[in-house]
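These notes are about the structure you will find just below.
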Amino acid sequence: MPIGRGTSTTFTRGLGVAAVVSLAAVALFGLVLSPPDVIQGESVRILYVHVGTVWVAYVAFIVTAVSSAAYLWRRTRSLVWDRIAGASAEIGVLFMAVTLFAGSLWGRLSWGTFWVWDARVTTTAFLFISYVGYLAVRDLGGSHEQRARRSAVVALLAVLEIPLVHFSVRLWRSVHQDASVADRTTDVELDGLMLFTLALSTVAFTLVYVWYVLHRQRVLAMEDALDDKGLDLALAERRSEAVGQKGVR
Amino acid sequence: MESAAVSTGSPPDSGRLPVVELDDAVAVLGSFPALAGVTLTVQAGEIVLLRGPNGAGKTTLLRLCAGLLPLARGTGSVVGCDLSTQRDVVRTRVGLLGHANGLYHDLTVRENVQFWGATVRASAEEVDASLDRLGLAGRLADVVVGRLSAGQKRRTALACLVARRARLWLLDEPHAGLDAAGRDELDDTLRAAVASGATVMVASHELERAGGLATRIVDLVGGHVARPGNEGS
Amino acid sequence: MWTTARLVAAKDLRVERRSRVVVNQVLPFAALVMVLFAFALDNDTVLQRTAPGLVWLGTIFSLLIVVQRSFAIETADGALDALRVAGVSPPGIFLGKSIALAVQLLALEVLLVALALLLYDSSIDVSGAVLLVTTLVPATTGLALVGTLYGGLAAGTRGRETLLPLLLFPVVAPVLIGATRATEAAFGASGAATSEGWPWVGMLIIYAATFGIGGTAAFGPLLEE
Amino acid sequence: MWTTARLVAAKDLRVERRSRVVVNQVLPFAALVMVLFAFALDNDTVLQRTAPGLVWLGTIFSLLIVVQRSFAIETADGALDALRVAGVSPPGIFLGKSIALAVQLLALEVLLVALALLLYDSSIDVSGAVLLVTTLVPATTGLALVGTLYGGLAAGTRGRETLLPLLLFPVVAPVLIGATRATEAAFGASGAATSEGWPWVGMLIIYAATFGIGGTAAFGPLLEE
Amino acid sequence: MESAAVSTGSPPDSGRLPVVELDDAVAVLGSFPALAGVTLTVQAGEIVLLRGPNGAGKTTLLRLCAGLLPLARGTGSVVGCDLSTQRDVVRTRVGLLGHANGLYHDLTVRENVQFWGATVRASAEEVDASLDRLGLAGRLADVVVGRLSAGQKRRTALACLVARRARLWLLDEPHAGLDAAGRDELDDTLRAAVASGATVMVASHELERAGGLATRIVDLVGGHVARPGNEGS
C-alpha cells in the first residue's frame, strides 16, 4: 500500500454508508418499534447493543487468532496477517468495552447494581483484560517481525477464553443464578420483532467491524512504510555521525 | 567502498564460501540504526579485530552475526545460513561473549562450565580442559561465581565459551578485566580455536594486545565500515 | 529435547538449592498471605467457606514471584542471550523451566493446603484427600506451563514486570476456578460433595495439556526475537 | 537534610515517570488483586463486609513490589554504593525515598478505594469520605516510612527478596488492622458507625510518627552495611 | 617488608599528613580475607597505580579506602579520618568508581550527572563542564543511559565522578570499555583533578596507559603489597 493515497475505496465507502444506515435502523427498531420485554421491561432494549457487540467482538477475536496462525505458519507468513490481527483485536476490544458498559448499565436496572460477581460477567472482564494485554504486547516496540511473532502467540492463547466465557454460566456454580437465568429466559421469550432487531444489530455491528478493519489495516501498513521512510533519514545521519569526529562527540 | 571490502577483504583462497558475509546490512536498536549499512566478508580461519570509537556499532555487529538481532535492511549470511530466514540455525553454530558474562551467579565456576559444556555433550575431561585453559583449575573452580573478582568472572565466561566449541567465535572486549596472564591465556585460547578450524571476530580497544593476534583489522565508525582492512594488516 | 529439559531443570533446581530464594522467601510470603487473609476477613464461617479459594489465590500470587525469579536468573547477567546462542532447543528450555517451576509450586501448595486445614480449621476425609492430590498435579502443571510461557515472553522486554501480571492473571483464571471448586469438594466446604470435584480435575487436565502442547510449539518463536 | 530529601524524591519520581513501572505494572496488579479476591470469594455480602480489608491487603501487596522496585533502582548498577560514598545524608535519603514512595502509594490507594466502591458496591457518605481521606494520609505515610526503612535494611544483604516480605508484613499488621477498621467505619461496612473510625486514625498517626522519627535516626547505621 | 613501605612509600616532604595510611590492614569478604595485611601510605597529590593479578585484592583495597568495608584487623586512616571509628566521615570525602557504573539507567546522561552534581551543590556550568570533559556534551547528553554503549556508560560514570569533586579519587579499572579518545580524556581528567589538589588511586590492568600517568606503582599479590614502589617509579 503506497503512501499518499487515502485508505478508502469505493467498496469501503459503500460499506461505510451501509453501516451508518443499518445502525440508524437498529436505533429505530431497538428504541421505537420493538416491544418492551415481559420481565425486563423497557430496559431490554439494551440487549440489542449488549449482545450485538459481544458477538461481533467474539468474531473479531477469532479473526485475530486465525490471522495470527496464518502469520506463524511459515508458508503463509506475511505482515499483512499481523496487521489484520491487530486491527481486528483493536475493534474487538472496543466492542467488548461497549458490552461491559451496556451490561453494567443493564445490571443497574435489572439487578440494582453495576457489577456482580456472576461467572459470565467476571470471565468477560478477564477476556477484556487479556486483549488489552494483547494490545500492550503489540506496542512493546522492536522490529515488526518481533511484534508479529510475540502478539500472535498471545492471540492464540487468549482466544481460548471465549469458550470459557460462553459456557461460564454452566461451568461456575454462580451465587447469581438469577443473572444467567435472566440471560436464558430473555433468550427464550424473545418475540419475533425482538429477534429481528437483535439480528439487525448484529449485522450492523458486523458492517462497522469490517469497515474498520479494512481501513485500520491499511493505516497500519502505511505506518510500517513510514517507519522505513524515517529509517532512511536516520541512516544518513548515523553514517555521517562519524566522519572526521573523534570519540563519541 | 563497502563493495571494495568484499574484494580486498577476502583472502587468496576464495574457493571456500566465507563464514560471515554481510552486504549493506542494517540493524536497528529501538528506532536508532546502530548499524547503518555494513558490508563485510570474513573467511574461515581469520581472526578479525573490530576497532572503533565508543558507540561505533561493534557490539551491535557482533550481536547481528550471532543471530540475536533481526536484519532490518540488506542481506547477510553467517556460517552458511541466511540471516533473514535462518537465524535460529545461525544461533546454534556461533559462540558469543558479550559485555555481560552470561553466568549463573549462584553456581560455582565448575558448575557453570559444566552446564554450558553439557549443551554440546562435552565430556568431563573437556570441561576440566577448558577450566585449565583459563587458569581456573585450582581452588577457584569450586567458588560460587557471585563471589569472584571481576577478572575471575571474565575468565569463567571465557571457559564456558571454550567448552561450547563453536564454529564462529564472537568476542566483545574479552580482555576487559583480565590481568596480563589472563590475556596471554586468551591469546593462546583463540589461536588454539583457529587451529581447530574456528573463525574469530573480536571487538576490542586493547589494540596492543588484540592487534598482534588479529589477521585483519576492521575499522567501524558511525555504524559502517570505515576501513575493511586487508589480510595480515 | 528431553536431555535439554533435564539439563535446564537440574540447573534451575540447583540454583534454587543454593540461593534458597523460594524456600526462604516465597514460602514465608505465601504463608503470610494466608495469615493476612485470616486477619482481613477475621470471620470463621467466611474463612472456612473461602479457604479453598484462598489457597489457590496464594498459589497464584506466589506463581507470579516464582516465575519472575525463574527468569531473573536468566536475565541477571545476560545468560538468556547465551542460552539463545548456545543452540539449546527452545522446547527443551520451556519444558525444563516448567518442570523446575512445577516442583517448586508443588512444595508451595502442600504448605498452603496444610495451613488452610490448620488456620481455617477446614477438615478433609480420605476420598477428599485423594481428590485433592489428583487436583494438585494437573493444576500445578498447568500453572507452571503458563507461567513459563508468559515469563519467557516478558523476559526480554523492558516493562516485563508490567506485562507479566497483566498477561498471566486472566489466563490462569480457569485454573483458579477449577482448582478452587475441586478443592472445595475435597474440603467439603460450602456443602459440596467430593464427587462434584472430579469434572473439574478433568478440566484442569485439558488445560495443562493445551498449554503443554501450545507452549512447546510457541516457545521457539518467542525466544527467537 | 531536606535538600537531599527533595533531591532524592525528585530523582525517584522522575525515574518512575520515565519507566512508568508503578503506573503500568503495580496499578494493574493491584486492580487484578481486587478482582481475583472477589472472584475467589464470589459472595457479595462477604465482599461488602470485607471490601475495606481487601483494599488494604491490596495496598500492602503493592507496597512490597513498590519498595522492591524503589531499591532495585539503587542496587541495579551499584548506585547505592555511590550514594553511600557521595556523602549524601542518610536521613535525607530516607525521607526522600519515603516521600516518593508515599506519593506512589497514595495514587494506588485512590484507585483501590474507587474499585472497591464500584466492584463491591460499597457506599460512602460525606462524613465517611472525610474520615476516609484523613485515614489515607497517616496510613500511607506510615507504610511508606516502614517500607523505606526495611527496604534499606534488606537492600544490602544478598537474599533481599527473602527478607523484605518477612520483615515487612508483620510490622505493617497494625496499619492493616487500623486502616481496615477506619475504612469499615467510613464505608459503614458491617454496620460500623463513622465515629468509630477516629480512634484508629489517631493510632495510625502515632504509628507514622514513631517510624518517621525512628527511621530517620536508624537509617544511617543501616546503610553503614 | 610492609613496614618498609611506610618509609620508602612516603615522598620527601613528609610534613603533611598522608591522605591514606594503612598499617597491616585486613579486610574480610564473607569468610575470605581478601586483604591479608596491607601496609601503605599515600601522600596528597599522588597518582597511585594498583597493579596485580585477578583476585589480588585491588577492588577490596579501594572499597576499604572508600569506607565501604569494615577494617577486620590493623589500623588505617583516610583523608585524616580513622577507618575503624569514622567511616561515615570518610565516605563523604572520597569518590569511588567501581567495576559497576552506579548509574540510573532510566535517566538521561545529563540527568545522572546533574543528580550527582547536586549532591555537592554543583552549578549548571560545572555539570556541563564535566559532561564536556568526557565528550558527552552533544547528542548523547539527552539519551537514556540504558541505551548507551558500554563505553558511553563508562564515560557517563566518570562524568558523574568529576561532578562530585572528591578529595580522594578511587578508580577501579576506569579504562574498561573506553576507546582511545576516552582514555586520553581520562588521563586529562585525572591530571586536572590532581592539579586541583585531589589524590588518586587507580586499579588497572592497562599498564601502558596508567603506567605513564602514575607517580607510583604498587603491586598487590594475594591480598598484600608485594612492592610498595617509590616516587615516580
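Which chain is which? They are A, B, C, D and E, in the order written, and residues in each are numbered from 1.
By our rule, a contact is a pair of C-beta atoms (placed from the backbone, for glycine too) under 8 Å apart; a residue touches a chain by one contact, two chains touch by 3 or more.
From a predicted model like this one, the values you see are computed outputs, not experimental measurements.
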| item | value |
| --- | --- |
| Path length in the contact graph (chain A to chain C, fewest steps) | 1 |
| Chain pair with the higher count of C-beta pairs in contact (B-C, A-B) | B-C |
| Of all other chains, the one whose Cα centre sits farthest from chain E | A |
| Distance between chain centroids, defined by C-alpha means - chain B, chain D (Å) | 47 |
| For chain D paired with chain E, centre-to-centre distance based on mean C-alpha positions, whole Å | 39 |
| Gap in Å, rounded to a whole number, between the CA centres of chain D and chain C | 27 |
| Touching two or more other chains - residues of chain B | 30, 32, 53-55, 70, 99 |
| For chain C, residues that touch 2 or more chains besides their own | 19, 158-159, 162, 166, 169, 173, 177, 224-225 |
| Shared-contact residues (touching 2 or more other chains) in chain A | 129, 141, 145-146, 246-248 |
| Chain D to chain E touching residues, read off their complex | 4, 7, 11, 14-15, 18-19, 73, 76-79, 81-82, 84-88, 220, 224-225 |
| Contacting residues of chain D [partner chain A, same complex] | 32, 35, 38-39, 42-44, 47, 118-119, 121 |
| Chain D-touching residues of chain A, taken from the complex the two chains share | 113-117, 122, 125, 129, 174-175 |
| Interfacial residue positions of chain B with respect to chain C in the complex | 66-68, 70, 87-88, 91-96, 98-107, 111, 115-116, 118-120, 144, 160, 164 |
| Contact set on chain B toward chain A in their complex | 26, 28, 30-34, 36-37, 53-56, 70, 72-73, 221-224, 226 |
